[in-house]
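Heads up: the structure comes next, in structure tokens.
The chains carry the letters A, B, C and D, assigned in the order they are written, with residues numbered from 1 in each.
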Amino acid sequence: MAAPDRIRLTAVWTDRIEEEMSQEKYQLEKGLDLLKKEFGEESVARAVAAVSTWQVEVPSWAFGSFGGGRFSGYTPPGAARTIEEKLDDAAFVHRLTGTAGSVSTHVLWDFSRDGLHADYSLAREVFEAARQRGLKLGSVNPTYFLSGFHRGSLTSPEEKTRQRAIEQTQIAGRIAAELGQGVLSLWFPDGSLYPGQVELRHAYERMRDGLVESLRDVPPTVTVLLEYKLFEPGTYSTVIPDWGTAFLLARHVGRQAGVLVDLGHHPHGTNIEQIVAVLRSEGLPGGFHFNTRYAADDDQAVEPNPELARIFYELLLEEGSGIFPENWTFMLDQASSRENRIEAILHSIDSLQTALARACLVNRKILHQFQRQDDIIAATRFFNQALLQADVRPVLYQARSSRDLPLDPVMAYKASGYQTRIEARRV
Amino acid sequence: MAAPDRIRLTAVWTDRIEEEMSQEKYQLEKGLDLLKKEFGEESVARAVAAVSTWQVEVPSWAFGSFGGGRFSGYTPPGAARTIEEKLDDAAFVHRLTGTAGSVSTHVLWDFSRDGLHADYSLAREVFEAARQRGLKLGSVNPTYFLSGFHRGSLTSPEEKTRQRAIEQTQIAGRIAAELGQGVLSLWFPDGSLYPGQVELRHAYERMRDGLVESLRDVPPTVTVLLEYKLFEPGTYSTVIPDWGTAFLLARHVGRQAGVLVDLGHHPHGTNIEQIVAVLRSEGLPGGFHFNTRYAADDDQAVEPNPELARIFYELLLEEGSGIFPENWTFMLDQASSRENRIEAILHSIDSLQTALARACLVNRKILHQFQRQDDIIAATRFFNQALLQADVRPVLYQARSSRDLPLDPVMAYKASGYQTRIEARRV
Amino acid sequence: MAAPDRIRLTAVWTDRIEEEMSQEKYQLEKGLDLLKKEFGEESVARAVAAVSTWQVEVPSWAFGSFGGGRFSGYTPPGAARTIEEKLDDAAFVHRLTGTAGSVSTHVLWDFSRDGLHADYSLAREVFEAARQRGLKLGSVNPTYFLSGFHRGSLTSPEEKTRQRAIEQTQIAGRIAAELGQGVLSLWFPDGSLYPGQVELRHAYERMRDGLVESLRDVPPTVTVLLEYKLFEPGTYSTVIPDWGTAFLLARHVGRQAGVLVDLGHHPHGTNIEQIVAVLRSEGLPGGFHFNTRYAADDDQAVEPNPELARIFYELLLEEGSGIFPENWTFMLDQASSRENRIEAILHSIDSLQTALARACLVNRKILHQFQRQDDIIAATRFFNQALLQADVRPVLYQARSSRDLPLDPVMAYKASGYQTRIEARRV
Amino acid sequence: MAAPDRIRLTAVWTDRIEEEMSQEKYQLEKGLDLLKKEFGEESVARAVAAVSTWQVEVPSWAFGSFGGGRFSGYTPPGAARTIEEKLDDAAFVHRLTGTAGSVSTHVLWDFSRDGLHADYSLAREVFEAARQRGLKLGSVNPTYFLSGFHRGSLTSPEEKTRQRAIEQTQIAGRIAAELGQGVLSLWFPDGSLYPGQVELRHAYERMRDGLVESLRDVPPTVTVLLEYKLFEPGTYSTVIPDWGTAFLLARHVGRQAGVLVDLGHHPHGTNIEQIVAVLRSEGLPGGFHFNTRYAADDDQAVEPNPELARIFYELLLEEGSGIFPENWTFMLDQASSRENRIEAILHSIDSLQTALARACLVNRKILHQFQRQDDIIAATRFFNQALLQADVRPVLYQARSSRDLPLDPVMAYKASGYQTRIEARRV
């Protein structure tokens, strides 16, 4: 971030940025030593390496005016208005983080002229626009929830609608294979508001048959991820409400299908890291939509909380190796209604890296000793020394510093003047 | 409903309506006997009387294109476009049910030219338009969640916004006193998405001070109801998340303030009827926003489930009397995104009457005998004979029949041709 | 129930019983007509037939002093002290209901001398004792949660404990095959209290391997049901927390394994009937542990609420046929800490029959018409006419009357003097 | 902890303890600097002071064989068998932490000969036994849930039981005033399992009247804390299910009554820190029962998670002062069924101190700047730098070191040989 132009920074910030930056350098120097002393040089090195290489996809829609819900109307200033502006923002996020080189897309938002049909040639244009900005297209999402899908997509009782959903899936599969990274990510808004509105068994079976039909001609190189969601827009039922249903459907689709976990799509009280453990144990392809939830399906920016660190702990392929399973895909899925979009994305990436670093620091060998001895308090304390107690920011600073990236991406964004420029241009 | 014009009724319905209607007459004759035999003539008479006289307010906004959430875009055909059309629909609902003579209003939706300020003269016009249709204005809702309130209303850090909220509250209070039924119903979207975004204690205190200031000059005849809500739009916090907070604030406001219960605004696992029992025991003014929730804050049409019957059981003032507390107000608050709006409202009214009839049939004297003897299974079985097992539709039919109302309001609506007419007119 | 001896009935009851009984006869005569008029003769006949033939297993442990939790110490008077007394009670329940001819057993409670090992010869004695009382042994439950299993059973890190669990499973399998109905029902208390206490992935894998090993030699005629449970005794994790995990493990076990649903083992907000719909659609063996929950895993007697009726609706094999899938097993699992045990069981059976009758009355043909037309309110109202509005007690009375059973089993129990007798004997 | 005798330490531990201890010294030296650089010398000093002086009560019952639930039977070795042994353990905990000088007691467990009545003279003996061990008696808990209270305590329909509850409360009040610290802590098991089992309104009113009567003669110097609990042992209802009800009852009791928050007594999704904020804003007396819950009311040892840090943030009286409100009492309430009891208590204390230290480090002045500017991401990141990111263990080490306490109490306990000794003696 050489010489960022600092225009219109508030009084608070001109001071703070200097202070924060000097502090981070200090923390980097001193803090890394502390971590090495506690967790060992090797673990820390592995954590730094993991943070340096791990990638997460950024959703194109997070930069636009999507979002809102029932009470908003408000869009934060500077929201991107076109796919090109979204790619600009994504490229700037990647420039600041080096972590977000792929953009996940929604076909009816990003590759459609009429909001009804996907257009391969538009996808090719977007692919090219991304390439020019140093970005790739990541996972491709058919858009089953816009105009005409109010009675559902693959489970709609209307043949025409179902057909439209099938065709869209097929085009999306082709885009994923030819222009993306070979990942097709499916979420269906199908469900019901009241008992009796739909026949639950028929809905499931129509979904199963529709999936099989839609995906028959999708190239076998494409990994299909099936997302589950407890509710919304359905309140009484959604057609794939839990990972068990997603898994069952994935079996019917075939070996290249797996389960997509979105952190906000569970009932309260669900142990999400355990779902990851089971899916990983079965060797299934999988994926994540990262965000934070306190209430319902909040879709807020990711918070670096201990649950997230435990999820990363389960994701790490070899014990403590910091190497992730090849058949898993990581995506942000957040739709901030109030806060600055780009800062929210940067914050999420930072949070995910924090969780990743924490997970890498757990020494499984020692942990397993405690576990074997039924030394319960020692085990949980030792586990949480990495996941809750240690300050892992120096790991992130080290990883960034070695790649010539700014130590703190949010701070660097504030200092960059980018926000001022987009607010001026996008009115 | 003499001679409804039956235009464009689907094939399903022309048959069904005849069948349903004949059946309902049969049920009315035979079913009422069964109820009298089981619960006694007196109880049944009381239930019929209660259903005949009980009134619930219908919200103006339920008839419009409000609603949606993140995935819709769909509005059911025939949605009302203006306050006049909303009043037309409300009047038709009242004509079919005799139960919904008051319309609750939102000041910025119903009494505003710019969506920013309430306009007393407009309220007077709406009052007049309602009067011409045989309707009254019911509870008045300031609208704190439209343009400019994204940082909150009474807790906004912006003095100007706070002032606007105060002024709106004052005008709404005046409308409630002079044009309505003396009920001011307040819901605040104030809250936060992330920990640290607002200082929780300050938010509470600003709300407390803002309420006191706003309501100082509201006539003492006006009952103020404070609505609580677990989440949305805030995800991490909302300023009045539970009835305890609403109650505390009501105390600061003074004796004419009470608590407004919305069925969708609780965490899962909450015993809502017990909240009613406590509020009733304390003699506090209160109110209800009726709807059904399975998932989050669904705002779906009311279902006649046992929870609702238990709530009505707690609401009945004298034991089994069927007489409601004078200082409670009953309102629908639903915003159907998919189904026919008017049918959804009629269905809700029918469901509420069902619950009311069930609650009236419980013989408390016998129930208390079982309770005193610790005869647990007998007590719960006896309780549920009325609340779950009996068929109380004959009570509703009797109440309607005696008032010359159609036995089944939804069926009568289908037969009326009203829907066809509004679909033709409102394009 | 000819000439029940009525000893020590409280004053309340001597009157009430006469009154209730006369009323039920009246309801039977008149109420059945109403149901036939509304739902058709055929549906009602089907419902009567279904209620007449449907069977549910009663757990031996429900009659004993099991239960309690942290605060009790209280056992209702008359609790059975031995397996023979439990069988006496079960036989009396069956005599009153004609519905509960099989008793599910727990091997370390019912077939063990030391509380540590299962004893086949004891099982044979219990089988004989049951036979003499006109009862069969139903599903057989290994008991993995008593002494020595505090570190888990099949996932215990202690080889010896794991081996003991395996052996117990094998004996239980033999008992199920030779003395029972060929159903082995497995619930594992394995889990953890704190993050880091166990390695989640290892626990899952040990469970998988342990199951495969345990069940290798169980006769292929035995259906294995895997129960899942969200929490307890584990608070942070349980090894099979949801139906997805149970399903995955069942796959590893093989075709004769299925999923056991206990109504209290889900997070709040779970649509349980949809789980049934999916399992049924996949043709998987399955089973139910019926009880009611409001709070956590309450294990209270079954309440005839609409959720239960919707579950039965999904269970019915052919559309509206009232015939259940052959590969599903139905069991009560309740452990009442406060109320009369036998009344609680009778009440549960009555509630289940209520739900079954309701489910049989839904006319799917008409329902599907509404669904196809997207007539949402009509569909949910029509569905709930059977599931919520109608009074189906006459169906139960008719089914019982035709089998010479008392119309109301709880009332008949009160009148029978059985409770007085066991209270005198079991001190 | 000079020269602890290290008997029977497992191989794992003899190595680990050396390593951990050397590391902690290193962290203390280097880590404190990092914290000072980031949060300022003053904040860190305040945090150290707060951790040094803050006290939490330890419950006598945590050391005994209490606990279990439905599946256990297991008690960790070394459990205390008498109140004297419990005091021994508490004294050792206090010796290692300097933080737990008061023991909270349950009158029927600790001051009763028959388990039915409290005995003041026994309380005096326990007081003396505590004094000899350098301990005080802290909050006093009447025990309303043992033998004879199965129909409830103050709400029991049995006059005799109610009277017994009243008398017990009065004696407990006298003990609190004369032998304790003037805090009476009340939890009631009253509730119901089924709808209709009790009349909710009557239960509330009997509780209100019973409380007023019980507490009339309790000295005005005694602070009464009313605990609420969502469920258990009641499943359908508990008489004080939420803080709103506790608050209402406290008002009836009078000015010296407040609300007791137990972390496990809320529905999922409740923002507990906000409850604290509201109670603190109203200046009400209050208290805490600390423990951790993932599932229901788990009563596990405290985990130093961010929610806990946010709670401490709200508790701090003056902004960032580290001084707590005088009218609040802090207690552990945990009942570990599996892990070592004393380690679990030490771990909880350590976790609470961690949360306290984190809360002290938040610079409210800067936070408020971000809040005022609606700089949402900056605000939450800044907040979480203290509450989630920083490593505050050096604060704890500094506070302990300055008081000549072992840096890590759990490690010191392992090294002390205390566990070996009690396991030998308590068989």
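The criterion applied here is as follows: a contact is a pair of C-beta atoms (placed from the backbone, for glycine too) under 8 Å apart; a residue touches a chain by one contact, two chains touch by 3 or more.
Model, not experiment: these values are computed from the prediction.
Trainee: Determine the set of chains touching subunit A that also touch subunit D.
Mentor: Both-contact set = B, C.
Trainee: Could you compare the number of C-beta pairs in contact for B-D with that for A-B and name the larger?
Mentor: Looking at contacts between chains, B-D has the larger number.
Trainee: Just give me the whole-number Å value for how far the CA centre of subunit A lies from that of subunit B.
Mentor: Roughly 39 Å, centre to centre.
Trainee: Using the touch rule from the top of the page, what residues of subunit B touch 2 or more other chains?
Mentor: 193-195, 230-231, 236, 267-269, 271, 294-295, 301, 303, 306, 338-339, 370, 376-377, 380-381, 384
Trainee: Write out the stretch or stretches of subunit C touching subunit A in their complex.
Mentor: Residue list for subunit C touching subunit A: 151, 157, 193-201, 204-205, 208, 230-231, 236-237, 241-245, 247-248, 266-271, 273-275, 277-278, 280-282, 306, 310, 314, 364, 367-368, 371-372, 374, 376-377, 379-384, 387.
Trainee: State the interface residues of subunit C toward subunit B in the complex, per the touch definition above.
Mentor: 10, 12, 16, 23, 26-27, 30-31, 33-34, 37-38, 268-269, 271, 294-295, 301, 303-306, 338-340, 343-344, 346-347, 354, 366, 369-370, 373, 375-378, 380-381, 384, 388-393, 410, 414
Trainee: Given the complex with subunit D, which residues does subunit C contribute to the contact?
Mentor: It is residues 67-74, 145-147, 150, 189, 193-195, 230-236, 267-268, 293-298, 300-301, 303, 335-339 of subunit C that touch subunit D.
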